[in-house]
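Presented sequentially are two complexes of chain A, the first with chain B as partner and the second with chain C.
The block that comes next holds the complex of A and B.
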């Protein structure tokens, strides 16, 4: 064989090898995360990667996932979706089709997650995503074996449950602090797919708790909220409820206090920890809620220990750090399901998860997925004592079992 | 009535930062022909500079001055290093500016991450006059904007340099023959416009937290102000900024709130259809050397 022929054959072989999807390595289990590391949803997205990363480190440090006497390490692939659905889909395709991940965590954006199921489902890749809007498509039929969403798991409660427990907790704490009956509420929410979905349920939850509710939707990318907040003030609200992007809420809220829009406020997606960390202060009563447990005021020693480990591992102290808990728990849950089933076969693992009850950090009671692949757990709501940065009164609210009138139960 | 008056007060502060960025754009675009879509990122860099200074123990005033000077220097480097090479082909400059948006954003993200940055409010307090809340810091921003607008207006319309600048816009070749250093004027205008963006960024972070992505939101408004007012027309930019601010305030207060931005841009389309050179008229852009 001539030298140039050898080079051509060797080169072709190398090219062919590099063009192949990465071959599965028997010693590792590949896991993917698609979430915003940049862009508008970075505070929520960053927690997904950080929570899964911590869980993977703990699993690997403990020797890996044990299957039939053999241990397999987890290889984690993190991708930034830049808060852009097209980037999220491209990253999902790369992780599923090229890297060959067995499970995917994310994204932080509701509509992105729904799009991602079109990639994970046909490839039999398990997808864990917190977005409650999945509830609109997760049905008994769609998650059955062979159905398109069999491998999709919604890791947050149905929205009517989260909205119900949040509304009840917020009104209870604010009512006590303000010392007068609360009747009029304004819900202030971003006018995007997530905001529209969430506010639809939260308005019903407030109405079920005796509130007259006005809904004000603000255009995404708004920074000066004073015109819209002035409109809200004209409605004479007792309370203003800011949903749902914590970063944006922390831009709008101080403006509301300066304009004296209401007697009390609720900030969704802002952890007490960030309130204390940034030394924020409000003259008006403020409530905060966390999904599921609050960084800064965790209700259990396990949750406190988790947040200590989480930040010690280098996680950023973002406004929604508590969301990381979900993904931390579901990573451990997935690893345990593999160990208990003794297989990485996706159908076997899904069957195992469906019959498991898992005790993690997220909830005092063991978690389990219902027949629509949804979980249910309580929400923690905290009141910030006026003029303080670190004085919180918190309560854990159990979710309602039935949706309120007019709520379709999504 | 209180609510209506509050919306008018809000409109003024909404308009201020937009006017600053709009003047920068109208001068650069209208007088030099450079279409710099990264102008919003200049504002972002100004805000980040202020944040860096304040979070390292410097006061807000020092942060503001540092932002103005640093962004001015950035403007000088970019004009000399990039945009000067595209004066004959403005479209190339436009494309370069789109690339600059990504480069500047990622430079900031690389070193200071993509999280929100904020500083303690330099002046706290709210004045209440007849039930209308006037936020002190916003009043100061309006005042600073008014001073800067006045200086810019008289600088362009009354000074010897302004006269030479307008002459070079009308006919660069003739102005050059008359001894006007046209290229130097272009650099000067670019630096001044950049400094206004730096000032806008410093004032903005005094009012709201900012992220590395704030620029793209602001720059669209800035271009709207520049076009509605008339390219190169400082007074036009002020009028356009006030019109857009008023539109924002009143549409948010009395229209469909989620349509706030749509109202403003619909107004821009309408004005440009009826008055293609803007409300107060502007340059048609400089003729290339």
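The block that comes next holds the complex of A and C.
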């Protein structure tokens, strides 16, 4: 045999051997996370991995998941989707098909999550994903046993509930601070998939609370909001409601205050902790909301203890850090479902989750998934006292049980 | 090595379109040398799944292949006809949405919708090209960019017909001749086949009379026109041909992801496509493939941060324009010719 022939055969054999999947380890349960750790969605993506990582550490430190008298540790596989759908799909395929994860958390984007369900569904891998816009495809039929989304769970509440809870909190706090009835509102939202979906429900929620609402959509990647804000000012709003990207909102909001567009403002997804950390000050009353609870003003001792542990573990304090709490709770919930069902079989675990009520940190009331695999919990809203950076008054208004008139519920 | 071949090596022909295409298509090489690249390409392209690369790499290779198909279309436009477009993602979008809408409304699968995707994208290119190719150079670039932005707005606000900003879902690829595409390996092989077909078609264009016509337009429009070539007609046809490639890439993308939204076909992906072609080398047969590998595959394999990768692309593009104006593959071909001539002399 010639030398080059030997090299070619040896190289091929080595490559083939190295590419074989690792042998399955019965003592571990493999869990995957696909989220942006780099790129444009990094604020949202980081929170998914950090929340799950903390929960997995706590479960493993406590001895692991107990099934039939035997404990199994959780092996966490974190993958960066680089805010690129092709990378997200490649990571999802690797976790599902090469590594053989039992559950997958992520992603942070509607499009990525929907494409991911096409991989997790056929492989019977449970997927916990945050986007409330998934409500459009999660139906009784699509989550039924044997249906394509049976293993998909939406970790945020139906949008009419989040919008309803948020609108109630915002109007209550701003109305009290402004001291006059609030009638006219402008909803200022990004014209993209999430923005279109969210504003559709939030407008209905405000209308259900007696507001006349004008909707202004701004193109994604806008940085100069003054032309659209000038248009908003012409509508004489009492309040302007910025949805939904906290990072973009913090660019648009100062421009609105400078133009004196309204008497009061609402910034979705900006945590009071970020407001205080950046020493932001507004001359006009402003309300902030977090999903589900604000790390800058946690409403319960359990939430405060969680965020203390979360940041102590090295997580970044960002506009969307509070979202980590969802993934933290759902990781614990999933582990508990395995323990209670005594099995890691995906159908058995899904059936167990569907009938469980789980008391986590997210909500004072136990969480449960409805017949469309969606949960229900309230949203915390905080008012920043004018001309202060750290004076907050917060409210947690319960979400409506039924969607308002004209709202399909999401 | 014959004397004539040695003469070509030691004294390169002047950079006329004809000599250039010989270099680009490998015609100046010996038969064995000419067969090496296609052989390696076919072996690597179709042999990859048998090396068990794992689902991650195979999935990335599939998406890279889809990009490469669109790049070959753009390479015909840029490399042969000399027309730059930064709206190619929009033409992919036309193909993708054609496939998704035909599947939803008429129950058509990939195989039946594929010709429509190519035709609709070609027609869209023709519609854009008809008025805008009257102007040339950077004016046309701006118009294609505007088309890209316009299509994104139309798709985002298209209501239930386009799925608005949430986009559209689509099923898996239907079996063909008993071959199921439920496995990623088979989807990859399908895309690999289309990549190979794109390369073959590009080569045919390059060595054909039509290719010579396009290159004469690229080199001197007025002279070509004086020789009786209908410049405007050929430019539009080149743009339509390029659009057809993009349409095929678009429908393959939608069936690969099984979900699409307007964001996939906006201005940013379009600029990336143009960047890939410029980096790889629009006039070289393997330039688009190299560009696709550099931009979509390499950062992931090297685990580069996306922000770092974009900075690297910016610097890389400047370096390529300054040092390798013909792209990376043209630079490699030049290096190979230099080395070969030195070896021959030694």
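Methods note: the second predicted complex is superposed on the first by the 388 of 410 C-alpha atoms of A that agree within 3 Å, B and C clash if a C-alpha of one lies under 4 Å from a C-alpha of the other, contacts with A are read in each partner's own complex, and residues count from 1 in each chain.
In this text, a residue touches a chain if its C-beta (ideal position, glycine included) is under 8 Å from a C-beta of that chain, and two chains touch if they have at least 3 such contacts.
This one's a predicted model, so the numbers in the text were calculated from it and none came from an experiment.
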Sticking to the clash and touch definitions up top, decide whether chain B and chain C on chain A clash or fit. clash
Can A:115 be said to touch chain B (first), chain C (second), both, or neither? second
So, A:314: does it touch chain B (first), chain C (second), both, or neither? neither
Mind working out whether A:94 is in touch with chain B, chain C, both or neither, as first, second, both or neither? second
Return the chain, chain B or chain C, that is in touch with more residues of chain A. C
Going by the contact rule set out at the top, does A:301 touch chain B (first), chain C (second), both, or neither? neither
Which partner does A:191 reach: the first (chain B), the second (chain C), both, or neither? both
Just to be sure I read the superposition right, which of the two partners does A:38 touch: chain B = first, chain C = second, or both, or neither? both
Mind working out whether A:224 is in touch with chain B, chain C, both or neither, as first, second, both or neither? first
Would you sort A:86 into first (chain B), second (chain C), both or neither based on which partner it touches? second
Using the touch definition from the top, say if A:233 reaches chain B (first), chain C (second), both or neither. first
Hey, which part of chain C ends up inside chain B in the overlay, 3-11, 111-119, 255-263 or 309-317? 309-317
Output the chain A positions appearing in both contact lists, the one against chain B and the one against chain C. 38-39, 191
Interface with chain A, chain C side, in the complex: residues 51-60, 63, 156-157, 164-167, 169, 172, 182, 184, 256-261, 263-264, 296, 299-300, 305-307
Contacting residues of chain B [partner chain A, same complex]: 3, 6-7, 10-11, 13-14, 109, 113-116, 126, 133, 135, 204, 207-214, 217, 248-254, 257-261
With touch defined as at the start, can you tell me which chain A residues reach chain B in the complex? 37-40, 42-43, 191, 216-219, 221-224, 226-228, 230-231, 233-234, 247, 250-251, 258-260, 316, 318
Contacts from chain A onto chain C in the complex sit at residues 12, 15-16, 19-21, 38-39, 82-87, 89-91, 93-94, 96-98, 110-111, 114-115, 118, 122, 133, 136-137, 191-197, 220
